[in-house]
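Some structures are shown below for you to check.
Both complexes below contain chain A, partnered by chain B and then by chain C.
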Partner chain A sequence: MYEVLEDFAQTNNLRETSPGLKLFIGLASILLCVSSPGPVAPLLVAASMSAAVLALAKIPARFYAKLLLVPVSFAAMSIVVILFITGGGAVLLEVPGLPLAITADGANLALLLLARVFGGMCSLYFIALTTPMTEIFDLLRKLRVPAVLIDLAMLTYRFIFILIEEAGQIYRSQVMRLGYRRFRESVHSFGMLAGALFIRTWESGESLVLAMDARCYDGKLGIPSDSRPVSVPALAGGLLYLSAVLGVSVSTGGVVLV
Partner chain B sequence: MTEPLLEAENVAYAYPNGPAALAGVSVRIEAGSKTAIVGPNGAGKSTLLLMLNGMLRPASGAIRFDGRPLAYDNRSLRELRRRVGFVFQNPDVQIVAPTVEADVAFGPVNLGLPPDAVRRAVRDALGYVGLRGYEKRPPHHLSGGEKKRVAIAGILAMEPAVLVFDEPTNTLDPASSEEVMELLDELASSGRTVLVSTHDVELAYRWADSVVLMEHGSVLARGPPEAVFSDHALLASARLKPPALLDLYNELGLRGVIDRDAPPKSVLEFTDRIERAMHGHAPARDRNGRIYLCNADLTGGDEVRRLVERGTVDHVGAMGTRAKEFANRERILLDYTYGVIDKCILKALIGENSLIITTGGMVEHVHRRIGEYSAESGRALAVIPVREPEDASLAKDDRIPI
Partner chain C sequence: MHIMEGFLPSPWWEIWILVSLPFIVIGLYQLNKLVREKREALPLLAVAGAFVFVLSSLKLPSFNGSCSHPTGTGLGGILFGPCIAAVLGLIVLVFQAVFLAHGGITTLGANVFSMGIAGPAVAYLIYKAGTRAGANTYATVFIAAALADLVTYVVTSIQLALAFPGTTGFFGAFSAFAAVFAVTQVPLAIIEGAIIMLVFKYIVQLKPEILTRLNLLSESTVNKLREAAA
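Take a look at the complex of A and B:
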């Protein structure tokens, strides 16, 4: 999954759009979702972000649906709890024999929460599926995030994939020798995997220092990036979209300031 | 004897809690040479190489660069490492940045070059290894051979005088290995000093002009590859076997089929030898094949494609990464991607025409090599340059109809 996500970020149809604009629209949408008092605005965001991902960036619908299933299943579980424990308003449904009931307020809150989660996740996926991590690093540098943090993030990002590869190799070699056949063995094998991974991480950390030294490391990583200009129609469209969502949000429940 | 560029004198080293990794090793690397350090696993090759750019400090003995012993303070080490570039065996260890571009820029940025110079260095280095267009790719999306070339570009971007490669073709498939070795040839022919460690005797025999044979942390022999690899006992004591070509030559010599004088370096040389031994002379042929030479920097693809489509040439070979890129772009199918000149001479000798696509300084090299061969063997081989488009009419007149 991790590689597929990366692949789409690298090859989607919105790849050449300014990463700043994509990030701005995505983040602003998340903020609007979270701050909206009614469920209409988040649902609007979810719909439009999904449309952008599917129609503009040309991400396959099946893959996108599979991705969305992950957060939605989490949200569904928590919403069941909220449905029952939040009180107030008219009783809609009672569980016979148990002191449990769904009330109108509970149902409204659950709906709002689901809409917010959905809208937020769609916005987040919009960023993740259209903007490669590496461009976000460039952007962070332009936003004057401290270099130490960015360098650390870049190294982490680079080594995530090596770590996954290593873990996969160890895991496969364990499976091949029947390491996960019974529960006891599984626990034991997993412990070994974690231990081996720790040692290998340590070693690759040391060889990283060596490699960086061999290349005259002087505390600098990355290059001054070339900026891609934001196209005016794209910026105007984005702003128009965001103000429309804000308008819907305000008109369906007022602004929540506190 | 000239002053060596890089020299290890009686160097000894032991890893903490380990046996001696190097026990009194002396090596001299001449400027502009192609040296292979050959030995089995654990012979101390990597340890020696790591000393040459100051990554390890010898316990005793001295390393000299440009006649001066290495100093181990930070400033001198940085200067040394800029001039002696080290390409690690595993490119995953060496590639640190999340994009190809950022990784190649790592060295230049740390050397404190201004942004424009960094960009230029990155562009040049990526062009040299044939990876232009890969700038924004993350390294984990590259193949093994591509990763290796990124690692090489990262070192080239610092413009070192000496390039040190630890096992350059290990874990690469044959085609990628050949590409890397050809890149090393290109680097050497542009005047850089290239040093590799390897346990691949075939590779060392074909590529190197000087070999250092190592085992158990000491040097067993040094000299030209044909001398070092002819000594079976010596090779056996280093747990290696002789290159197939040399082995065959020695055995044929022992049976009295051919005279043993100077061992052949290539299949071409060997074929000629056997032919002479069999017929007593090089048989005269009615007509040798022609070798067309195309400079990919100057010639258009149409010109070259026409040659191939008309059947004027039977075989096409490309030398160097830029020439291969050109062939790829122009959809010209390549028959030879390594050992190109020799292959084309071999084909010319049996009356078939071939085309060599190459770039830059390699054009001169092709002329020289074929000229040398013609002079040595007494068989005149014609090299016909494929003209650049502006005087295409001239080229047409030049071409002899078949």
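Take a look at the complex of A and C:
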């Protein structure tokens, strides 16, 4: 999954667009979603970001749909609570036998949050699917983020892929040896997996130290960067889009759906 | 427990970013000092960060079949102390947000506080207290990791209840959020404690140098533990 995401980030149709512009549009959309008082603007962001991912970056629709389903269960739990604890307005639904009721205000708040979460998620996926991590590191360096933090992040990033591969191999061999049949066995096997993984990780970290020392590592990782200028039409389009969303957000602030 | 992007309204997401910021700054300062003294610390911290990322993206065996995952923060807190664990937590959470849309950018402050600061700090304090009192090492690790997981979810519930007090007020909202999360998180905390304990056991058996080098266990304790296992 991670490899596939990063593959798309490296090969999509927006690859050659300036990473700064893509990051700026994505982050500004997120901020607009969070600060929007009504659910219309976040839904507009969700729609336009999805359109950008599908039409401009040419990410397969089926893959994108699958991605969107991943975080849904995490959102659902908290939304349900908000739905029940927020009172006020007409009662829409009562749970028989329990002191629980859904009211109009609760439903509106839950809808607004759902719209914001959805808009934010689409914006995050827009960044994830169009901008490779390496270019984000490069941007962070230009923004004067402390070097030690960037180096640590880059090394962590590199190791994530190696570790996922290894965790998958250990997991598959454990499954083949019937390691996850009962609950007790599962906990034991998972602990074994995590322990083996940690030790292997540590050893590969130690050999990385050796390899880096052999190449005259002096506490700084120098990575050459290429800069792509921001094209004026792209910047204008981005700003136009953001101001349109802002306009919608302000003008539809009072709109409630229920 | 990640709070989703867009879930926390203004001003709460700004407040939590401000709350987390000093810990990150202290962590960066400690990190800079550590790297200047021992260059090999950087790659080793990086693999630890990657380990936390992978551990928290693996699915745990759980009772109800829900999609639950360990936080792995307890281990980071025990190994490196709470401030550096906060920096590792920040990196892991940014990756999870940008890779997986799991968590978010505006909710980063809140998530860093619950998973990167509160959890590891609790694990660290319990581990230190336990070793000083001479308690059983494995039991200490179990309690530290399980409580770190629990504290993470309690803090998340507090954050959500502060932002959405509803009509019942803060305490009513807090108990509602806590009750919903408790269904998955209490068994999960116990499982995470058991798993981190097993991880610790494997490290002691196979590569105890890691623990002695980080000044977590003295050589005599390691020898005692290995003899007890043999």
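Keep this in mind: the second predicted complex is superposed on the first by the 251 of 258 C-alpha atoms of A that agree within 3 Å, B and C clash if a C-alpha of one lies under 4 Å from a C-alpha of the other, contacts with A are read in each partner's own complex, and residues count from 1 in each chain.
The criterion applied here is as follows: a residue touches a chain if its C-beta (ideal position, glycine included) is under 8 Å from a C-beta of that chain, and two chains touch if they have at least 3 such contacts.
Keep in mind that what you see is a predicted model, and the values were worked out from it rather than measured.
> Here chain A is shared; do chain B and chain C fit on it together or clash?
Overlaying the two complexes on chain A (C-alpha atoms) leaves chain C and chain B fitting together cleanly.
> Under the stated touch criterion, which partner chain does A:163 make contact with: chain B (first), chain C (second), both, or neither?
Once the two structures are laid over each other on A, A:163 reaches chain C alone.
> For A:137, is the partner it touches chain B (first), chain C (second), both, or none of the two (neither)?
In the superposition, A:137 touches chain B alone.
> For A:187, select first, second, both or neither according to whether it touches chain B, chain C, the two together, or no partner.
Second partner only.
> Determine, for the superposed model, which of the two partners chain B and chain C contacts more residues of chain A.
The partner making contact with more of chain A's residues is C.
> Have a look at where A:28 lands relative to chain B and chain C in the superposition and call it first, second, both or neither.
Neither chain B nor chain C is touched by A:28.
> Using C-alpha centres in the superposed arrangement, which angle lies between chain B and chain C as seen from chain A, in steps of 10 degrees?
Once the two structures are overlaid, it is 90 degrees.
> Regarding the shared-chain residue A:146, is it in contact with chain B (first), chain C (second), both, or neither?
second
> Touching A:44 in the superposition: chain B (first), chain C (second), both, neither?
In the superposition, A:44 contacts neither chain B nor chain C.
> Counting only touches as set out at the top, which of chain B and chain C does A:82 meet: first, second, both, neither?
After superposing on A, A:82 lies in contact with chain C but is clear of chain B.
> Tell me which partner A:217 touches in the superposition: chain B (first), chain C (second), both or neither.
both
> A:10 contacts which: chain B (first), chain C (second), both, neither?
First partner only.
> Least CA distance chain B-chain C after superposition, rounded to whole Å?
Chain B and chain C, overlaid via chain A, are at closest 9 Å apart by C-alpha.
> Shared contact residues on chain A for chain B and chain C?
Comparing the two interfaces on chain A, one with chain B and one with chain C, the shared residues are 133, 155, 157-158, 162, 204, 208, 212-213, 217, 219.
> Can you list the chain B residues touching chain A in their complex?
Per the stated touch rule, the residues are 53, 55, 78, 81-82, 86, 88, 92-99, 101-102, 105-107, 109-112, 115, 118-119, 122, 136-141, 154-155, 158.
> Hey, which residues of chain C end up touching chain A in the complex?
Against chain A, chain C makes touches at 2-10, 13, 28, 31-32, 35-36, 39-40, 42-51, 53-55, 57-58, 60-61, 63, 66-67, 87-88, 91-92, 94-95, 97-102, 104-106, 160, 164, 166-168, 172-173, 176-177, 180-181, 191, 194-203, 206-207, 210.
> Quick check on the complex: what are the chain A residues that touch chain C?
2, 5, 27, 30-31, 33-35, 42, 67, 70-71, 73-75, 77-78, 80-82, 84-88, 106, 109, 113, 116-121, 123-125, 127-128, 133, 136, 146, 148-149, 151-153, 155-160, 162-164, 167, 171, 180, 183, 186-188, 190-192, 194-199, 201-206, 208-209, 212-213, 217, 219
> What part of chain A is in contact with chain B in the complex they form?
Checking each residue of chain A against chain B gives 3, 6-7, 10, 132-134, 137, 154-155, 157-158, 161-162, 165, 204, 207-208, 210-224.
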